[in-house]
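As structure tokens, the structure follows; a few thoughts come after it.
The first chain written gets the first letter, and so on, giving A, B, C and D; residue counts start at 1 in each chain.
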Amino acid sequence: MSEEIEGKPGIGRIEAFSDGVIAIIVTIMVLELKAPERPGLGELWHLWPVFLAYVLSFAYVGIYWANHHRLFSHARVVTNSLVWLNLGLLFSLSLIPFTAAYLGEQHFNRDGTILYLISMLAPAIFYVPLQAVIRRTGVQGGAAEAYHRQTSRKGVAATLIYAVGLALTFVSPWCGIASAAVVALLWFLPDSPVDAMFGS
Amino acid sequence: MSEEIEGKPGIGRIEAFSDGVIAIIVTIMVLELKAPERPGLGELWHLWPVFLAYVLSFAYVGIYWANHHRLFSHARVVTNSLVWLNLGLLFSLSLIPFTAAYLGEQHFNRDGTILYLISMLAPAIFYVPLQAVIRRTGVQGGAAEAYHRQTSRKGVAATLIYAVGLALTFVSPWCGIASAAVVALLWFLPDSPVDAMFGS
Amino acid sequence: MSEEIEGKPGIGRIEAFSDGVIAIIVTIMVLELKAPERPGLGELWHLWPVFLAYVLSFAYVGIYWANHHRLFSHARVVTNSLVWLNLGLLFSLSLIPFTAAYLGEQHFNRDGTILYLISMLAPAIFYVPLQAVIRRTGVQGGAAEAYHRQTSRKGVAATLIYAVGLALTFVSPWCGIASAAVVALLWFLPDSPVDAMFGS
Amino acid sequence: MSEEIEGKPGIGRIEAFSDGVIAIIVTIMVLELKAPERPGLGELWHLWPVFLAYVLSFAYVGIYWANHHRLFSHARVVTNSLVWLNLGLLFSLSLIPFTAAYLGEQHFNRDGTILYLISMLAPAIFYVPLQAVIRRTGVQGGAAEAYHRQTSRKGVAATLIYAVGLALTFVSPWCGIASAAVVALLWFLPDSPVDAMFGS
């Protein structure tokens, strides 16, 4: 499925489509925040689970966009696998508004957290082979190689942290939520700590 | 209606607009997945028809995007027919979220499947003349010709499979759904099987 | 307010933003088509007013996109007036999903038709000065001049037809709806009939 | 967090993603305008608070888009801080549809106005360091410097007006709304009045 079908201009359109889908995913989640009809700012307090789920999910999808953005700056040719794996990634990301709504609706209980963490693991299932395709068919050279090595390592670390968080959710859902927050921090921070952890 | 009105830069903007519309179509379908308020992961089970309709429709619209993407990489000039046929294609695709919601709401019964398959046939009605316009006014040469011949053939095969599926829906709706899945597979697979089927 | 602030690249971003907004306007209207829960394809029949309002509005907004697209291919510099008039145009277009929903909800009665036709006149209020700005600051020369003359004429014709339709709505709402359909046809057809009507 | 990670092409994709998110934010607000089912144009009158909140918010988000547009035309390199501060800005803007809905739902009372003005202040918290990053890493030279100085000054003026408006909301909510309208006007007007006010 990997024969080249188009060069660099085609990459631009895949990016544009992905940007559109991710922009919509990240924005329609705010529709879950329903304005209370009853007066009093105190009524807003009841929205905390939905709001917290929104913040976490916006950060999560935003990080995926930033990573996608950097990954595709290394792509050079459009192959069938690139197109389909990217669609798979977008599909799995598109489930986040649903699992985030469930997390908020269920007030961050065990079930809500389990489904949410599973939906956070799903995009990684598509991201790993997508990166592999771009690593193989994309920009070559030392800098590209270093980028792929470093981000793959971060990806493995993130997956492990989610998996541990998923297990700890059976102790307390907040351990699961904390694991999602730790992964977000991991991507916000500069690269050295992870390098140190894994031995550069 | 086919006089040239703009060159290649105009094509870019039609692609951008189409990408936007298709990105929204593919993403708003997730709004049909309503998070259950009642506790228990078992409650999620009731969502299977809506979820399955979402998966099928995401794949369907995603395939149309990928095909549209390849088709427009062969376009060279903007003509009135190109603009209006493309708007017609986008319109017919925009009905998929509605027919998918109906399919899910009706639990994949006969009526839901019939409407869904009809809405899957509709975009083809605009795609055929759209491809004809681009074949005539777009990039010429052996490679372009081969691309047009091969994908037209796939388009005919897909239409036939849908039509057979529509007829078999009166036996069982699942035959109709299976036809949609077969068409999706047809586009995912490399081109050789279809070539073999139709004699290259 | 008309000092130049950016050259051609800035135009590209205004187009991209406008494409995004128009793509969303045209697509979210389909959310008004609610899938009936009751079984039977006959239930779909009750959706005809909402569906017809959707078809008309998709055609209307699609035509505005196509016109916007051609108009901006003549723009050369970004001025403050260009930015704000374009935002005004997008704002007035963004009311179409609301007035279309009202038209459908009110089953194409007089009130629904009046509000709908008013909302169709509103974008013209922004389009005329927007075109004037681009005519003055944009691409000059015979072809551009011919384009501006011809489309301005069509714009005047469309406005007159809407105004007549609005008046005739007090006889029957269907006269108003017909005027919207006539305007849509006017834009779909090649340019000669209008030229003939107005004397080229 | 500020090491350069990409050059000018990366900026284009950040703009495209931001355009997408802002386009969606500005457009989904119209979904709050629910078409009345009861007949009579008089029923539309009840929508005035939601409509007024929509107009204000469209203007507000539109102005942010226009400012973002001009700011990014000065950016040259993608840094981590640029990516995350921009995501923060988009996040804070994405809350406007919610606070606007609350403002409309609460009929422009004190609580609704307070939350609305707070949500208008929030984007400024991200805009200031974002502009600082672009000022430091972006296009240098007299014109760029003049642009940054002038718009920073407008930003400070806007923040002060919001803060005063927030305080005056305890006298009357309409003072708060008026402050939002004054800021909108400030951005629509050419630059001289502010320059005069602050001494150029």
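The rule is simple: contacts are C-beta pairs under 8 Å (C-beta built on N, C-alpha and C of every residue); 3 or more make two chains touch, one makes a residue touch a chain.
These numbers were taken from a predicted model, which means no experiment stands behind them.
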Q.
Measuring between Cα centroids, what's the chain most distant from subunit D?
A. B
Q.
I need the rotation angle between the copies subunit A and subunit D from a CA superposition, between 0 and 180°, in steps of 5.
A. 90
Q. Where subunit B and subunit C touch, do the two copies share over half of their residue numbers, giving same, or under half, giving different?
A. different
Q | Computed distance of Cα centres, subunit C from subunit B, in Å | A | 27
**Q.** Inter-chain centre distance, subunit A versus subunit C - centres from mean C-alpha coordinates, in Å
**A.** 38
Q | Numbers and ranges of subunit D residues touching at least 2 other chains | A | 16, 20, 23-24, 28, 31
Q | Residues of subunit C that touch subunit D when the two form their complex | A | 1, 3, 5-6, 9-10, 13-14, 16-17, 20-21, 23-25, 28, 31, 80, 83-84, 87, 90-91, 94-95, 97-98, 101-102, 104-106, 109, 111, 114-115
Q. Which of the residues in subunit D end up touching subunit C in this complex?
A. 15-16, 19-20, 22-24, 26-28, 30-31, 33-37, 39-41, 44, 55, 58-59, 62, 65-66, 69-70, 73, 188-190
